[in-house]
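Below, subunit A partners subunit B and then partners subunit C, in two separate complexes.
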Partner chain A sequence: MSIQIKEVSKTFGSFQALKNINLDIQTGELVALLGPSGSGKTSLLRIIAGLEEADNGVILFGNEEMTHIRTTERKVGFVFQHYALFKHMTVFDNVAYGLKVRSKRERPSKKDIKRKVTELLSLVKLESFADRYPSQLSGGQRQRVALARALAVEPKVLLLDEPFGALDAKVRKELRRWLRRLHDEFHITSIFVTHDQEEALDVADRIVVMNEGRIEQIGSPEEVYEQPNSPFVYDFLGNVNVFHGRLENGKWRNGDQSDAEQQALAYVRPHDLVIEREKPTEDAVQARVMHVHAVGRTVHIELKEEGAERFLEAELPKEQYRELDLQTGETVFIRPNQLKVFIPADYSI
Partner chain B sequence: MRVKRWKKHSILPGFGLSLGFTTLYVSLLVLLPLAMIFVNTASMSWAGFWAAVTEPRVLASYRLSFGASFAAACINVVFGVLIAWVLVRYSFPGKRIIDGLVDLPFALPTAVAGIALTTLYTETGWVGQFLPFKVAFTPIGIIIALTFIGLPFVVRMVQPVLQNFDQETEEASAILGAGRLQTFWKVIVPEIIPAALTGFALAFARALGEYGSVVFIAGNMPMKTEITPLMIMTKLEQYDYEGATAIAAVMLIISFVLLLFINGVQWWTNRKYTHS
Partner chain C sequence: MAGHISLQYGSKQVDKKTAREPLLVRILLITVALAFLFLFLLLPLAAIFIKAFEQGIGLYIASITDPDAVSAIKLTLLVVVLTVPLNALFGITAAWAITKFEFKGKSLLVTLIDLPFAISPVIAGLVFVLLFSTHGLFGDFLFQHDIKILFAVPGIVLATLFVTFPFVARELIPLMQAQGSAEEEASLTLGANGWKTFWLVTLPNIKWGLLYGVILCNARAVGEFGAVSVVSGHIRGLTNTMPLHIEILYNEYQFSAAFAVASLMSILAIVTLILKNIVEWKSGQHG
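Let's look at the complex of A and B:
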């Protein structure tokens, strides 16, 4: 089911959590709401679920207006960061809960409930845990129970609030893949909130980058990563080096500017930074190698821009690093392969 | 080796010392006085003991004491949970004052409470005159007094549990389509049952031993409104120390069995949620 969000705003006391949010989500899409804490992403998700009411604006599921429909009747699935399982119920009863609370008329028979729950438990690979209590499960298992519980009511929309935030790195990665597979299989329109850019880039069809209650950019993972439309998005999606300088006839000139009006910032990804021994051009940037971190296929090199006291980060393939034979403390020249310039005046915060 | 098994490694040492002190303290303060009751009783003949504790007036007082205490504890569970709920979930002007008032039955000398309640509930009292039935000098009056003194226990036990209650579980229940009553009965009530049971046990135990606030409102009519602690006092006033301790011993044993039973129920409900 598609979701339309039109002009939604929300304030908590004097804090404006959401400012005129407009967002269209297609049927069957997996969308990530990505942003730092306090960016409003969780508030937006809770408004979609009906756990919070928007001050103004409209929410549509398909063609149906949902703005004033109660949570109970919205038929969404929701997964919480801290699982929110019912501690006093077994795994089976947790998953069955949504079916058991239905009115007599709509409630499936006991046999059907049992069949459905068993099916879901096998989907999340927890068949043998049906009689356990949540306290006897690991974090990853608990979150899988929470997912099965959310799916039991056959929601048209699945909402996930930092679903993997409380788990350790390895389990997180595994569950991420698993969520992707699940989505490819069932095509439930899904929105998940995360502050982890890697997670968003890895799983989502589309990413909505949020900052301070506004949407900064909407696009496919490639789009937001390759063509960020603001310094914020550039900075938030992956590591970035910032150079201070100015634009001269469309060409970048490095160096601090005394005249603030001319000041511009160039953003370069670490893997777009080329390190050279020979001075390539007159105005090449000189930097000193401070630290080399050479575990894995990519070598991370920490540099310090000469005369500017700013740290830079470069990434090289291992072969290239061996060829260069860089030593800590040595002075090298750096050149950006690709950069994006933002004039700070346009983006003053 | 034996001791080692109970000893857990800890950065704060002192298992032996603190356990020793605890044992001594509990012995001196609780066990020894209680043991005296049985020692005193032991000086009676079996027949004399049996006659003292099965006297019709005494039997009637057991029924009244345990019945009224049980009723009062039940009332306290229902309304204590309600008060705790209101105090935790809502903010309203005067919340702190109500929160403070809850503890007042603890602080008030029980005789004062008894006199105040009696004045209110006699047939001409402020409240009593509007009631179609007699309250003061009947078992109902006793239940009211016992409810009064037991109120703080349930509130104070349930309050922290509600405070720590994860509201997301409630939201999860609502999203899954449960109505408000279903969420309350299926999600919230099971969580507060262990604490409510503890509160019930405490209020019940306190009510059993209560004397000061009850004697005024009870009227102390033989066979009708005499509570067991009053029977003990009566015996003492007649210098029948052995008879008094015999009744006390019976009361002690019944209370102990009941509290043990409540503890068992509690252990059983607790076990359901916290095996890890």
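Let's look at the complex of A and C:
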């Protein structure tokens, strides 16, 4: 089931949570809504589910208009950040709930419900936990129950609100891989909200980056990571170094911002910074090595730009680091391998 | 999540070793507490029963089977049967509205719910007199249609309703606030309508808090004196509740009879207390 969101806006009191959102989601896609808190991503998800109503705009599922259809009839699966399991029901009853509350005509027989629930519990690998209560499960297990419960009603759309936000790092990674596999198997159109860029890059087919109630960029993980269309997206997706400089005949020069007309900012990912001992060019940036983290395959190096009170971050493969034999406190030259220049709209940056 | 907010002291156990006071201080504190309890609670309670049986069990039974006493007991039970369910219903609706929706005048509603706690029961009674007496606001209308509210059962029920209505709502509002709406929302997305969601999700989640509120409401409905005294008219065998009946007996120097009926109310209070503790214990278990 494809989803179309047209010109959706939403305000809460005086706070405008969503500003004129347009978004098309294809059938079977797994889309991440990525943004900092307050960016409107959860509001958008809740509007798609019908848990909030948009002030204006239209929501379509396929060709069907859903804007004023109640949540109960939208046939969406919703997974909440804090699971929202029914605490007074067993795992079995939680998963069976969506089937049991159907009107007599549509309700499957007891036997069918049992078969379906058992099937779903084995899908989430919790067959032996059917008689437990949610309070007797770990966070990861609870979220799997919540997923099974959402899938029981065979939703046309699966909506997940920070599904792994409350879990610890290891379980989170495991569960998101598992969600990816689940999606590859069943192809339910899915939207999940996250503020974790790594999670979005890891799982989603497409990422919708949101900021202050607007969509900043829509694209595949590679696109938004490699070709961010705004400083915000650059900054939000991964670590970044910002160099202040100016544009000269289409070329960027570091430092010297005397001519405000040509002021420009260059964004460079830490792994695109090259550290050299010899001065490569006349205007190369000089920096002092402040700290070295050498744990893992890549070495993180913290530097301080000479003449400016700015810290820089570089990442080197371990072999290269050994070759360079960097010492804390020594002065080196850095050169960006790849950079992206943005002209600030606002000179006060 | 704990079933009842004010119970949480029970679950927060301080490490006994680190929080240990010197022996002398502990003995002193416990003695003071026990002495206070004995003087102000146990002694009066014992006095009620001693006084009630002072002139023999025969008089005790005669006092509580006296037609006026029986009618007072019946009236009190009738008042309870009418007010407690109504206030439970009101409490649930008010708590639901306050915790699940945003609307204008919400804080005013919360304040209004507390009103019966804030004003004296006597004034609460007088309000009904002002409204329903012959010279009151609805006096003419009631007289023309021959409806008796004041100095009759409806007046007593109304006054009791007024005095007891905060109990359930006050109990449920913090509980439902703490629980949030996520489970209800989950239920809606799973296709359950509002009614089913209430019965299958909301009610089981609030049942212990609700029961606790109902018990408190019940205790107050049985014992209410001030407001009921103003609106009842003290007609023996007709509009006397148990507390009013006790007052009349006492004023007529029938001490043993007064204390006999009082002992019945005390037993009711003790049963309520035990029930309350069971509910607290249960809600702690399920929390």
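As a working rule, the second predicted complex is superposed on the first by the 343 of 349 C-alpha atoms of A that agree within 3 Å, B and C clash if a C-alpha of one lies under 4 Å from a C-alpha of the other, contacts with A are read in each partner's own complex, and residues count from 1 in each chain.
As a convention for this text, contacts are C-beta pairs under 8 Å (C-beta built on N, C-alpha and C of every residue); 3 or more make two chains touch, one makes a residue touch a chain.
Keep in mind that what you see is a predicted model, and the values were worked out from it rather than measured.
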item	value
Overlay on subunit A: subunit C relative to subunit B, clash or fit	clash
Which superposed partner A:136 touches (first subunit B, second subunit C, both, neither)	first
Partner chain(s) touched by A:153 [first = subunit B, second = subunit C, both, neither]	both
Those residues of subunit A which subunit B touches in one complex and subunit C touches in the other	49, 51, 71-78, 80, 82, 84-88, 97-98, 101-102, 146, 149-150, 152-153
Residue numbers on subunit B that touch subunit A, as the complex places them	166, 168-169, 171-179, 182, 186-187, 190-191, 272-276
In the complex, subunit A residues that touch subunit B	49-51, 71-78, 80, 82, 84-88, 97-98, 101-102, 133, 135-136, 146, 149-150, 152-153
Sites on subunit A touched by subunit C in the complex	49, 51, 70-78, 80, 82, 84-88, 97-98, 101-102, 146, 149-150, 152-153
Subunit C - residues contacting subunit A, complex	1, 182-183, 185-193, 196, 200-201, 204-205, 286
